[in-house]
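Read from first to last, the chains carry the letters A, B and C; within each, the first residue is number 1.
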Amino acid sequence: MIRLEHIDKTYNPHTVNEMQLFSDFNLEVKNNEFVSIIGSNGSGKTSLLNIICGSIPIDSGDILINGESINKLVEFKRYKKIGRVYQNPSMGTCANMTILENMSLADNKGKIFDLKWGTDKKRISFYKEQLAQLNLGLEDKLGVKVGLLSGGQRQAMALLMSTITPIDILILDEHTAALDPKTAEIIMELTDKIVKEKNLTTIMVTHNLMYALNYGHRLIMMHEGKAIMDIEGDEKSSVAVDDILDVFNRISIERGN
Amino acid sequence: MKKLLSLMLASAMALSMLTGCGGKAGEADGETDMQVSENVKIGIAQFAPHGSLDNCVEGFKQGLAEAGYVEGKNLEIDFQNAQADMANTNQIAQSMVAENVDLICAVATPMAQAAFNAAEGKIPVIYTAVTDPVAAELANEDGSGTGNATGTSDKLAVEAQLEMIRAFQPDAKKIGILYTTSEANSVSAIEEYKSLAGGYGFEIVDSGISQPADIPMAAADLAAKVDCISNLTDNTVVSSLPVLLDAANKANIPVYGSEIEQVKNGCVATEGLDYIALGKQTGAMAARVLQGEDAKTIPYETISEYSLYINSAALQTLGMNCPDDLKDKATEAE
Amino acid sequence: MALILSVLEQGFIYTILALGVYITYKILDFPDLTVDSSFPLGAAVCAVMIKAGINPYLTLPAAFAAGGIAGLATGMIHVKFKVRDLLSGIITMTMLYSVNLHIAGGQANMPIFSSENIFTLSPFADKLGEYNKVLVIFIIMLICKFLMDLYLKTKSGYLLRAVGDNDTVVTVLAKDKGIVKITGLVIANALVALAGCVMCQDQRFFEISMGTGTIVIGLASVIIGTNVFGKLSFIKTTTSVIIGSVIYKACVAVAIWLGLAAIDMKLITGALFLVILVISNFRKAGAENDQA
């Protein structure tokens, strides 16, 4: 479970560019809940992820994972509990390392990176098994450098790598946005499968309304630092894309564009 | 196995590069005259491009010529300059050893050490412009070589210089010296200045720099504190001599040189070295070795005589005169 | 033959250095100028210890450790004080100059001609004659190469490669990328100082200015090695660094041997450098076009 309490965040305070994004923002995501977040540019959805992960500091408020505050932790320490997949497929993998080496790296998350062999040979069959479920044939290319893979293949690997070890929260940062529609579909299905299998608490930011509606338990629409729509369960399944588009358009008109 | 293979490949490439190319350095310098029975090939390795060191090499060739070894006739010279780059000194020294020259003339301390090391006693090394051959472990306390090497030291005539400064400036108390902390010769020269200055009623104020860019501030600061400046053969400082002279002129104090080139360039006077003469002396020693003497047994030599050089124009600018009793001895540096 | 031996000797010594530069330049993408001072640092430590009569073989680990501390300093300045990479190296390099002089007891030049060294004490000294030196250097270099190959296959080594490749991955693995970078700089400068130590015993004197331009030699070796031979899949990158280093030294030897005007040396070095970079850039562009 993750809880954001009374978050205040103002960009460029005391300058002409001062911009208050969050004022007393609250959000709670329950265990095993899959939340999709949509919203226009500048609505605060990406800032929200960055605030959770610690790459943007907050002015006041608290962030708790399973009741424990992570607010004082620096960015890299928060990732002990968090897995993250980025929009850019090259962000989640190491291009100059092989598939096997990348898998080994991910598998060692949470362990000490000492002078033991980087790849545990006994784990190779497990990696192959994991890669095989991607249905991309990567299990037969263990020695290939990840940089030679396509964007979709890399993103699939990034997804696998971020979930291969136990995590409390999975953060998906528009992770299908840079892919072609067909590949995006494959990655989205894969995401759903992994999330369901592992029962992961997931926050997904997306531009794709269909994905937001079709996947996950709950949908939040962000606008100017506020959650202006927050639906789940039956309400969510009864909502149509057009309904959401209406809200979306209304916001856009209000903003004058 | 792969590694061994790649290693062999590397060696093979190096080899092909070496054998693939023709001509050698010395040949360009002149045809070998077959009428002269005794032909010798020597290497001259200079540490850095530098007026004084150039003079050394010039004098060295003259010295050899006077002893009958004339470049282009019975003498082939492979001349190399390491550009003050230590990585080059080793390679130059080793390439001369590989060429199996009859003798290596090494100019300045690091070059002498590199040549001495590379020659491993097989080829005699004649060094020059090494201030302290004993400290450089090229010579023993008694002057004999630690190995197959001998040469000349360009040790400054500190005592004579102090005496001269006293004659020029009877009331002066403080002598300033600017030096580079990385130059071993300068550090040892300062120590000698300090130990001898008291005997002449002077106090030495030294100022260490680490790079040319430090000179303007250090020079101005030093000039304000002292009655005169005495220059060493410090490579960095000598290269920026105009800056030092400028600072001294502003403070209206004289700068004494340590060799004739510096006086030509604006120092008022020196009781010092003539590097051409030093080179000649070294050339004569080299000739002895070429004729069969064992370099190890020849003690290293310091310059046999120092001479007084003055720059009247520079003296006049400061309203100074050459003391009467030195006038006969002094030579105008020009 | 003697010339080839000298090229190999020099080449192998600078390989040790180039392995270090390979870590900073290629793996970490960190232009580390500390090298120009950590090289003489290793030499200073070596000369002082040998003068004090300590077993020359002990100078090797001592220099390695000293270099590691230099790398640690650069790393801390960069990571903890958030100083730019280039500047951190320059700061340490500048400060080390004085430290090196202090270590050498204020002497800018310290000969060790009359002392035993790793070469005179080598078990092959009597049997191999002129090949002794090159063999000793080769063994030390090879040990460094193999240890580095092994290290890069450990978990810690994986992390080091990952941080240069894509440091986001390291952060997401909940590891402090700063510490990984520092580790890399420590190892790199330790190797560089080790090279300085071997160099000092090879030339048998320490000289404060012996580090000037070392980074250029290191970079040239790495770039020649990885660009010319790195593409061949059957050659390990570390092996290509060895070849690059030997080739670079061979080129300098040829330049000297041909009697190229000494004043042009740096110009030629720079031009050679540029040509290799340009060729490899063209190749890279070509490869990318092929892929597209």
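FYI, a residue touches a chain if its C-beta (ideal position, glycine included) is under 8 Å from a C-beta of that chain, and two chains touch if they have at least 3 such contacts.
Given the structure is predicted, the values throughout are model-derived calculations rather than measurements.
A linear topology is adopted by the chain contact network, the touching chains following one after another without closure. When chain pairs are compared by contacting C-beta pairs, B-C ranks highest. We define each chain's centre as the mean of its Cα atoms; on that basis chain A and chain C are separated by 42 Å.
As a whole-number value, the distance joining the C-alpha centres of chain A and chain B reads 70 Å. Chain B and chain C have centres, each the mean of its CA atoms, that are 31 Å apart. Counting only residues that touch two or more partner chains, chain B has none.
On chain B, the positions that touch chain C within their shared complex are 2-3, 6-7, 9-11, 13-15, 17-18, 21, 23-26, 28, 49, 78, 80-92, 94-95, 97-100, 109-110, 113-114, 116-118, 135-138, 146-147, 181-184, 187, 210.
Interface of chain C with chain A (complex): residues 151, 153-159, 161-162, 165-166, 168-177.
By the touch criterion stated above, chain A contacts chain C in their complex at residues 75-80, 83-84, 86, 90-97, 101, 104-106, 108-119, 162.
Those residues of chain C whose C-beta lies close enough to touch chain B in the complex are 1-11, 14, 97-98, 101, 106-109, 111-114, 142, 145, 202-205, 207-214, 217, 229, 234-236, 239-240, 242-243, 246-247, 249-254, 256-259, 262-263, 265-266.
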